[in-house]
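What follows is a set of structures for review.
Next, two complexes with chain A in common: one pairs it with chain B, the other with chain C.
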Partner chain A sequence: MLGKKKIKTSLFRAVFVLLAFFLFANVASVGSVAKFFDHKAYAQEESADGGEEAAAPAEEAVDDNVWKPIAPPVLEAKDYPVISGVNSRIAVWIVAQLHLFFGAFVLAVPIFVWVIELIGVMTKDPRYDHMAHEFMKVAMTGFSLSASFGGLLTMLLIVLYPQFMEYMVSVFGKVMIIYALMFFAESFFVYTYYYGWDRMTAGGNKKLHLFLGLGVNAAGLVIMLLANSWTAFMMAPAGLGDNGAFLGDTWAAIAGPLWGPLNLHRFIANIAYGGSITAAYAAYKVLTTKDAREKAHYDWMGYTSFFVTMAGLLPLPFAGYWLTKEIYGYSQQMGITLMGGVFAWLFIIQAVLIGALFLSSNYYLWCSLGRTNGGDRYSFMIAPIGTVILIAFLMWFTPHTLIMSAGELAQIGDAHHPVLGFFGVMAAKNTAVNILLLATFCSFQIFSRANKKAVGDGFWQKNGTAVQTGLYIAAATNIIALGVYSYFIPAAVRIGLSVPQVCTTLVVLVGGTIIDVLMFKGSREVGEMKWGNMPVRSQYALFLLAVSFTWLMGLMGYVRSGIRQHWHVYTVFRDNSVNAFTPTLPFAANMVTLIVIIFVALVLFMFWMPILASKKKKDPAALEEEPALETGN
Partner chain B sequence: MKILKPVIAILIGYALLKYGIPLIGSKMHPGTWPVVPTSVMKMYMFFVVAAFLLIFTRSEEGYNDIIGPIADIYANPSKKVAMMALSVIVGGVGAFVAYQYVKPTFEPPVELRSIHPAPPSTVKAFNKSFSLQTLKNPYRVEDKAELEKNTLEGGVVFFKNCFFCHGDRLLGKGPFAAGFNPLPANFVDVGTIAQLTESFVFWRISTGGPGLPSEGAPWISAMPVWHTLLSEEEVWKAILFLYDYTGHHPRVTSEGGEE
Partner chain C sequence: MRDLFPILIFSLLVMFGYAGFVTFGIPLIVPAPPPVEEKLSGDITMEQYVAIGDKIFHGKGTCTLCHNTTGHRAPILEMASSDGEPVGVRAAERIKDPRYQGEAMNGEEYLHESLVDPSAFVVAGYGKTGTNDTVSPMPSVNKGAIGLSDVEMGAVIAYLQSAAGVDITVALPTGEAPADDGEEEEVTVAANAQEAFDKFGCSACHMHPLIDEGGDIGPDLGKVGATAGSRVIGLTAEQFIAQSIIKPNAVIAEGFDADTMPDDFAESMTVSELNMLVDAVLHPDKKPDQEPDSTEGE
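Moving on to the complex of A and B:
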């Protein structure tokens, strides 16, 4: 055991050195990283006004005898087909969102399935392979549902918005064909990957199987990128001439100002979302199975899914910031509509939901300490971590504009609250979310070391905890100091300060993990890990995680699409249908809720499918071959 | 009674929010008692309760400490009186909260307002059309002496026209301010002009309350339509003064153009 004095010295040194490091990093990152991420002033002349950088017209566009791209027509309400009893916008809204939910799920699951399978191959542990296969089994119904909703969406758009689709085809026609062809590739890889799993595993063709898995993900990624290009184009059109007609350079239309950030944001969100849905599946199985061995297996599966969710959730806010920053950079009007105008209230709901995600995630981790014998050593940390999360969370969702009664307004004496007013701006939000991430990562770290004890006389075994504690203190100090400082500087520089704040958090995430690896090399276990020994309420936390995530995606998907307001394609193709208005906030929230309820019902169907398939008698010999997890019973 | 632990934690949280924040606020703005608005307090307390319940129920022991006494009352036939009393208390609290919501009041209903309504892409004022995406303040010049002169002239414009509502310290507390709800904007606050481009401020001054977009409807701003009362030059110079006096910088991109 180290003496208290020695620990204090190590801690002091670590805090000092790390603070100096962060100070240097702050200066360096504001100057370089911020510049790198700075938007390139995507002015609208690049899109709506046909800027100089836009591509030259394609050769075929010059020839009068061939089809030419069309300019967006000026429509009237009567030009939109009407199906009696069907509200066009609501129909498209529901189907598009359901397609997106399933699409996100089936694009994400094969990514971590492939990683888990690879871990199984490298560790030669068949349990990973079995789990990866089961994840894929859950996703298989999702592929059909995603494709079905995709087909329905296409038909609805063609029938209800034919002129819009004609225009989009004039820009993205070639891309749409590639998109459709990618479905063949995806189908080929998915079916050979899934149905060939057992045969290739047994036959020693694991490398081929992994290659097929790679194919699934490559095809899925291309599909996502292409579909994103249409969405990004509708928000920030590029590659168009003065009249809004396509100039012929498909790449210019694809790679608009918002395509990159949208791709990154959706990719990371898909991973977190896919993880949360499979975690809900595992939780469902844990709650319904009575067999201790199965319970242990699904608890492990739930934990793995949860880990995947966290891996996506932690960097997600940063990708979101980048996307928002680019939206602001592209159009001040769109940016303010998003976060300062009518949609700002939905961001408060978003903040609350993100808080619910973090609270349920941390609760699951805290309950997870019960799986280990050594968990009690760290239980004293839960109340402080929880309190930090609570404070950061309250700051995070405090609205910029407070709803006050006349009496409250008189008591406050100002339209802006002297204390809460400080929490309403991005300086506080950036600080709060980074502290929230640090606290959550701390919960994760104490869980991951709960069952281990560092042994040996190496530097890291002796000082690892002190250095990590120093890392947290220095990082929190740096983040808060930057947050406070940012109140005193111009808005443009203030935004740049979020970069060193994010980098500080990343340093803790990466540094903390590396130190854990070094510290627990050759560690001994305090006791056995009791998989399946989780309270029922921890499994409900996983359900909450999945439902919150789904609701959040539905809500923010609506906001992202809604900020175009009365435009099919922003500033280029006006929506003149009877539905070209922004619905009220309660209506939008109710719509999202309805879609989530439909989705949850379909997910239950999706969960039921693999259970139905496994009703046939299990092969007891195969079960015996697989090493059992340590159970809590 | 271990069940009291989370109750005490929740009560401390409530006290800090209910009295701690106004206390700090009153030190910052003497003479006021800046309460946490009810709408925010409800959200805060919901999560304070949720967070402390999660913290205290993370272990089986903690969970049983909280749920155990309640379950004991409801599952034990010999504790019928306690069960009835608890039910009456819980029901009574619910009834009290419901009554507070529905009881008649003389207070006008609270309104949802957008402090920063989204600007249009172009704005018509001074018989011209301005693109807010590219609009810059023509009087923000490199020459320091000239900039100072423009700013001083802007100050004169401010004190002749804006001071009556926005006040001599630009805190939104001019002589007429008490007559308005919402109160005039406080330009010193970090949440107002410090976050905005000059083109946005130009739009808000030039077209005033009636120029707010439909999302801000029903607009309840008393801001006059200044382009009918001032010249374009006066508006731009007043904007220079607002930023100079408050020490804020208008939002700009790193390239120098406005975002």
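Moving on to the complex of A and C:
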């Protein structure tokens, strides 16, 4: 039996190594695309300044049997197929957004599942492994839903926008095939990773299992990067001749000016988003389970998910800044359409939503102090932190120009309020958002140390808190001083001051974390964590986090797509359909709400799946083997 | 399922709260419809050509995204400002600047060059970051997303020269005149706002102190001036009213329907008529004889 088992294992490993080889060969080919994607067939001669010469063969080629890159056609409204009773744009909007929601979720969850599993292996604590497995269980249905919506989206685009798809295929045909192949790789890794979990854990093959998890994430990452290249191309096309026809270098089309920042922004946002959805799952289980031990488990799971969300949420604004900066760099016109045109009010809405995210996050952390022995030592800080967050939020939320009645206008004498008007400009908003981040990080720091006491006579054990306090004061002073100073300098210089403000915040985030590590090395616990001992309202804070995040993602999807205005591919391929106009914000908000309602319904289905599966398989013996978490009872 | 109910209600309330805030808590701004190319022939007057340039400048050309006093990301062009005289005046001086590297020989050529090759001369302080004012962030307006035709660029130049009060040197477009029925229609220019209201049939839908018997299909023009400056970020009261006349669907006042007002006044209205109407809406109590002099013939 043992021999057979060994043969099986060897065979399995051989197949795996082969598949892994093919996968990474694909990935590598994307990395060295210059050769792989060089469309020699229609780029007759290589030219240093390419443009016109490379495009010319497309026009001059006499052999009609050779496929040529196409220039974007000039369409009329009648060229767009119509399905009776279906608004093409709305149909694509709904399906694309649902695909993105599930796609983001299933790309994010395996990342932190893998990290949690690794922590479990390193600490030899099976609770991490159990939790990681359960996260993956929740995500499994998401893979099917994401793929189903992806398939539907592709069909809708082919049926409703055939010329657009033909053009995109002319540029990204090879990438699309690789993209589809990557699903085979991801499916292989996902299924072996998930279904092989128990067997590999029990059989001591944890390293192989972790390697499979790495494969899931590598495949997922490549899928995301490739799909992002199409989106980035539509916003900022590259690799095209003057007539908009593809020049033959696919890498140039992929790595356009917005691809990098879009990748980073989506990657970080996906992690935060995935964390918020699993946090909602855990919150639901905390609220519905009666068993104290299970409640403790899911409270811990909720906290871990929340931690993941925070890890993504804190750096997310910086990635957003970079993306916006690159949009301005690519096209000032597009940048101003985004921030100063018809979408300007959208950023007030975004401020409200992000404010809700930060408020709910902080509230959850403050509630968490209650389940921590020793937490009461820091409860005095809640009120000042809350006040700072509220003030920062209100400053961020204040619009520059107020909409007033004639009477109000006459009373104030200006469209800008004499006092509040100062808070509406970027100088105040950059300051407010950095202070908001600092305050949230402070909440997180007091929670993470609530049940710890530094032990020893080392410098950091004795002075760590004082140094951190000094760091916060210095950082806040610097951020506010820069903010005030920026009122007195020209706009072009002012925008540059956001960089030192952001750097100051990052110094506190990184520096504060390092000091924590040094300070609490070998610390002793003040008391045990009372897992499961959380008020109901704290779990609703997690629901608020998940719903707000999802709604925000939908809204930002609208603006990201909307700044292309009446272009399928910005400046290259004009949208001449009857839907070429930019929808108003209220219309978009109602659309987003509708999509999120559909998403919530499907998420409930996704949550129900692991519950359905666990109803038959509950193994009390297995639970007994796992060390129990401290409960609040 | 019973456990789910409060969670679902809570989630729905959050979503509806956000949607409600967007719908009722912020002003409604209707984005402009996609621009269309102006079909021009040689059979237009210079006033009409200037009016079309005005329309392109504030619309399809997207010039005011940057060339405005709010963000001031680019030099102010239409009027005197901290950047100096209006660009129509200063254009002729630019080509004498030691930094100027272009090929223009006069003000009109300079303006044309600025539209198609904005980096030929970058005004100090307005260049791309790190380029020492050698590269302009402005796109070539005859390409890409804007894609103005030569005739449209000519209209913009005519508008900028008109706004600056200098001689309009740009030539009227030549080309096939649209087919007509053989009857010449005499174009008369309104002498004051009251005549302009009559000429363009404003009284059919609007009320105003200068209109004897107005309608209520459109907003009361005696009242809209008070809030015009705060309706759209980046547009002054004058710009907003002008936009509302030339592009009536750009922003629809609450309680009124879109697509009711004719959207071709840019073709039929002279700049002086437009200015008179804007002024009358902004200052509804001003008497007709207090109108500024017509700018005809400039």
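Here, the second predicted complex is superposed on the first by the 567 of 633 C-alpha atoms of A that agree within 3 Å, B and C clash if a C-alpha of one lies under 4 Å from a C-alpha of the other, contacts with A are read in each partner's own complex, and residues count from 1 in each chain.
Just so it is clear, a residue touches a chain if its C-beta (ideal position, glycine included) is under 8 Å from a C-beta of that chain, and two chains touch if they have at least 3 such contacts.
What you are looking at is a predicted structure, and each value in this text was computed from that prediction instead of being measured.
A.B. asks: Quick one: chain B and chain C on chain A, clash or fit?
C.D. replies: After superposition on chain A, which the two structures share, chain B runs into chain C.
A.B. asks: Classify the contacts of A:A344 with the two partner chains as first (chain B alone), second (chain C alone), both, or neither.
C.D. replies: both
A.B. asks: Contacts for A:T571 in the overlay, against chain B (first) and chain C (second): which applies, first, second, both or neither?
C.D. replies: Both chain B and chain C are touched by A:T571.
A.B. asks: Check whether A:S331 is in contact with chain B, with chain C, with both or with neither, and answer first, second, both or neither.
C.D. replies: A:S331 sits against chain B and chain C alike.
A.B. asks: Of the two partner chains, chain B (first) and chain C (second), which one does A:F393 touch, if any: first, second, both, or neither?
C.D. replies: A:F393 sits against chain B, while chain C stays out of touch.
A.B. asks: Contacts for A:Y487 in the overlay, against chain B (first) and chain C (second): which applies, first, second, both or neither?
C.D. replies: In the superposed model, A:Y487 contacts chain B only, not chain C.
A.B. asks: Is A:V352 contacted by the first partner chain B, the second partner chain C, both or neither?
C.D. replies: After superposition on chain A, A:V352 lies in contact with both partners, chain B and chain C.
A.B. asks: Go through the superposed model and pick first if A:Y128 touches only chain B, second if only chain C, both, or neither.
C.D. replies: In the superposed model, A:Y128 contacts neither chain B nor chain C.
A.B. asks: More residues of chain A are touched by which partner: chain B or chain C?
C.D. replies: The larger set of chain A residues in touch belongs to B.
A.B. asks: After superposition on the shared chain, which partner residues are touched by A:A580: those of chain B (first), chain C (second), both, or neither?
C.D. replies: A:A580 contacts chain C only, not chain B.
A.B. asks: I'd like to know which partner A:L604 touches here: chain B for first, chain C for second, both or neither.
C.D. replies: So A:L604 only meets chain C here.
A.B. asks: For chain B, which of the listed stretches 63-71, 81-89, 99-107 or 225-233 runs into chain C?
C.D. replies: The one stretch of chain B in steric conflict with chain C is 225-233.
A.B. asks: Where on chain A do chain B and chain C both make contact?
C.D. replies: Looking at chain A, the two contact sets intersect at 331-334, 336-337, 340-342, 344-345, 352, 400-406, 409, 415, 490-492, 496, 571, 582, 585.
A.B. asks: Mind pulling up the chain A residues that touch chain B in the complex?
C.D. replies: 35, 38-39, 41, 43-44, 328-329, 331-337, 340-342, 344-345, 352, 355, 359, 362-363, 366-367, 369-370, 379, 382-383, 386-387, 389-390, 393-394, 397-409, 411-422, 424-425, 427, 487, 489-492, 496, 535, 537, 571, 582, 585
A.B. asks: Please give the residue numbers of chain B that touch chain A in the complex, ascending.
C.D. replies: The contact residues of chain B facing chain A are 13, 21, 24-25, 28-29, 31-40, 43-44, 47-48, 50-52, 54-55, 57-60, 63, 107-108, 110-121, 132-134, 171-173, 181-186, 189-192, 194-197, 199-200, 213, 215, 248-255, 257-259.
A.B. asks: Mind listing the chain C positions that touch chain A in their complex?
C.D. replies: 3-4, 7-8, 10-12, 14-16, 18-19, 21-23, 26-35, 62, 65-66, 70-73, 125-126, 129, 137-139, 143-146, 223, 226-227, 229-231, 233-234
A.B. asks: For chain A, which residues are in contact with chain C within the complex?
C.D. replies: So the residues of chain A touching chain C come out as 284, 287-288, 331-334, 336-337, 340-342, 344-345, 348-349, 352-353, 400-406, 409-410, 415, 490-492, 496, 540, 543-544, 547-548, 551, 565-567, 570-571, 575-576, 580-586, 588-590, 592-593, 596-597, 600, 604.
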